[in-house]
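Submitted below is the structure of interest, expressed as C-alpha cells.
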Amino acid sequence: MTHINQMLEAYPKDLGEVNQQKLADCIAACFECAQTCTACADACLSEDMVAELTKCIRTNADCADICATTGNVLSRHTGYDANLTRSIVETCRMACKSCANECEQHAEMHKHCSVCAEACRRCEQACAELIDSLG
Amino acid sequence: MTHINQMLEAYPKDLGEVNQQKLADCIAACFECAQTCTACADACLSEDMVAELTKCIRTNADCADICATTGNVLSRHTGYDANLTRSIVETCRMACKSCANECEQHAEMHKHCSVCAEACRRCEQACAELIDSLG
Amino acid sequence: MTHINQMLEAYPKDLGEVNQQKLADCIAACFECAQTCTACADACLSEDMVAELTKCIRTNADCADICATTGNVLSRHTGYDANLTRSIVETCRMACKSCANECEQHAEMHKHCSVCAEACRRCEQACAELIDSLG
Amino acid sequence: MTHINQMLEAYPKDLGEVNQQKLADCIAACFECAQTCTACADACLSEDMVAELTKCIRTNADCADICATTGNVLSRHTGYDANLTRSIVETCRMACKSCANECEQHAEMHKHCSVCAEACRRCEQACAELIDSLG
C-alpha cells in the first residue's frame, strides 16, 4: 500500500497532528477489509449451506460499505472535521468487530470466513489505534 | 419514494419494533441527500470562486459517502444489529449537520448550496427521529 | 425527486446539449434502482428458499453498485466526458436488464422481486432514453 | 494484496476459465486507484491554484467511483455474467485512461497528480489485460 503513504506525503498542506503512519495503516486496512468482506459475502452465497450463512452475508455487506466509506473519509484532509472523523472510524471499528465475531463462528468450516475474520480484526485494531492517536 | 415503502412491506420476515414510516423516511432522506451533496460538490467546482468553496466541496463529499452507506445499511434487515445501526445513523446525522452548516454559509450566494442545505437538514432531522424511535 | 431538477437548474455553468429532463429521470431511476436492489438482495437472504435465490442476490448486488456509481457520474457536469458517460450508462442499462430478467423469474413467488424488476426496467428504459438523447 | 489471492483461492466453487492472477491484479489495481483518486481530488482541493484543477477533481471523482464499483463486481463470482463484467471493466479502463491523461498534465507541478497518474495507468493496463484474457 505504498501509494497511500505517497499520497499522504504529497498532500500540499499540513496534515495536522495526526499520526501519519497510523492513518495510512487504517486507510489500507479499510480498503482491504472492504474487498475481503465483499468477496466473503459472495463466497458464502456459493456455499451449499448458504441458508446458515445469511447473517454472515448481511454483516459482510454492511462492513464492506462502512469500510469503503471510512477509507474515503480518511483519504481526505481538506477542512478536517475531528468529530465526524472520530464518529465514522468508531462506527467502522464496531462494524469490523461484529463482522469478525460472525465470521469467526464459521472460520473452521469455511476458509473465506477465516481470511475475512482476520481482515476484520486488523481493521478493527487499526481503527482503535487511530482513534487513540487522535487524542 | 414509494418503492422504499413497497420494499419494506415485501420483506418476508418481521421488521421488528422499528417505526416503519420513520425508517422509510430516513432511507429516502439519505439517498436524496447523497445525490444532492454529490451535485453540490460538482456545482461548487464550477463556480468562479471555487477557491472559497473547498471546505464545502470536501464536506459534501464526506456527506454523500456517509449518506449512501447509511441508506444501504438501513435497507437491510436480515440479522439486524441495533448498536451498529444506531452508530451509523448518528454518524450520518453529524455529517448532515456539518454539511448543512457549511452550505448555509453560501446559501445566499449559491442556489445549489441553498438546495443542498435543505436536503442535509431534512436528512439530519430524519436521522434524529429514527434514532429516537429506536428507543 | 424534485431535488434532482433543482440541482440541475442551480448548476452555475451551461449543461450542454443534454436533454435535461431525461438526465433528471435517469439520475432518479439510478438511485431508486440502487436502493431497491440492495433491499431485494436482503429480502432474498431472508427467504427460506435462499439457496434458490443466490444468483438473484449477486445480480442485485452488482446492479446496486453500478446504479449508484452511474447516478453519481450523471450528477456531475464539470469537465463532461461524453464517451465515459455513454459507457457507464450503457453498462448500467445492461446491469438493470440482467437484474430485471433475473428478478422476473421470481416475481410471482416473491413480491420484492416483482417490485425490484419494475425498478430495474424503469432504470433500463431511462438509461436507454438518455443514451439515445446523447445523439 | 495477499488477501485478494487468498479469497480467490477460498472461493468454494469453480472460478471458471478466468486467468486468476490477472483477475487478482485487476481487483488490487481498482482498489488502489480508487483510493489514490479520492486522495488526489482532495489534494487538488488544497492547492492554491485549485481553480485550474477543477476538471482534474471531477475526473478523479468519477474514476474513484467507477474503480470501486469495478473492484466490487470483480470480487463476486456467483452467477458470473461475462457481458456485464466485460462492460464494467471496459468502462473502468476508459475512466482510468481519462484520469491518467488529465493528471499527467499536472504531474510536473503536483506530486499527487504524478502518483495518481501512475495508479491510473496501472489500473488501465490491468483492465486491458483482464479484458484480453476473457477471450
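Letters A, B, C and D name the chains as they come in the text, with residue numbers starting at 1 for each one.
Going forward, a contact is a pair of C-beta atoms (placed from the backbone, for glycine too) under 8 Å apart; a residue touches a chain by one contact, two chains touch by 3 or more.
Keep in mind it's a predicted model, so treat the numbers as computed, not measured.
Of the two chain pairs examined here, C-D and B-D, it is C-D that is joined by more C-beta pairs in contact. When the CA atoms of chain A are superposed on chain D, the rotation angle comes to 180 degrees (nearest 5).
With centres defined as mean CA coordinates, chain D is found 21 Å away from chain C. Chain B and chain D have Cα centroids separated by 27 Å. Multi-chain contact residues of chain B (touching two or more other chains) are listed as 42, 45-46, 54, 57-58, 61, 68, 72, 76, 78.
Taken as a contact graph, the chains are fully connected, with every chain touching every other chain. Against chain D, the residues of chain A that register as touching in their complex are 1, 3-4, 6-13, 27, 31-32, 34-36, 38-40, 42-43, 45-47, 64, 68, 71-72, 75-78, 110-112, 114-116, 119. On the side of chain B, the complex with chain D involves touching residues 41-42, 45-46, 48, 50-51, 54, 57-58, 61. Residue ranges of chain A in contact with chain B, taken from their complex: 54-55, 57-59, 61-62, 65-66, 68-69, 72-73, 76, 78-79, 81, 83-84, 87-88, 90-91, 94-95, 98.
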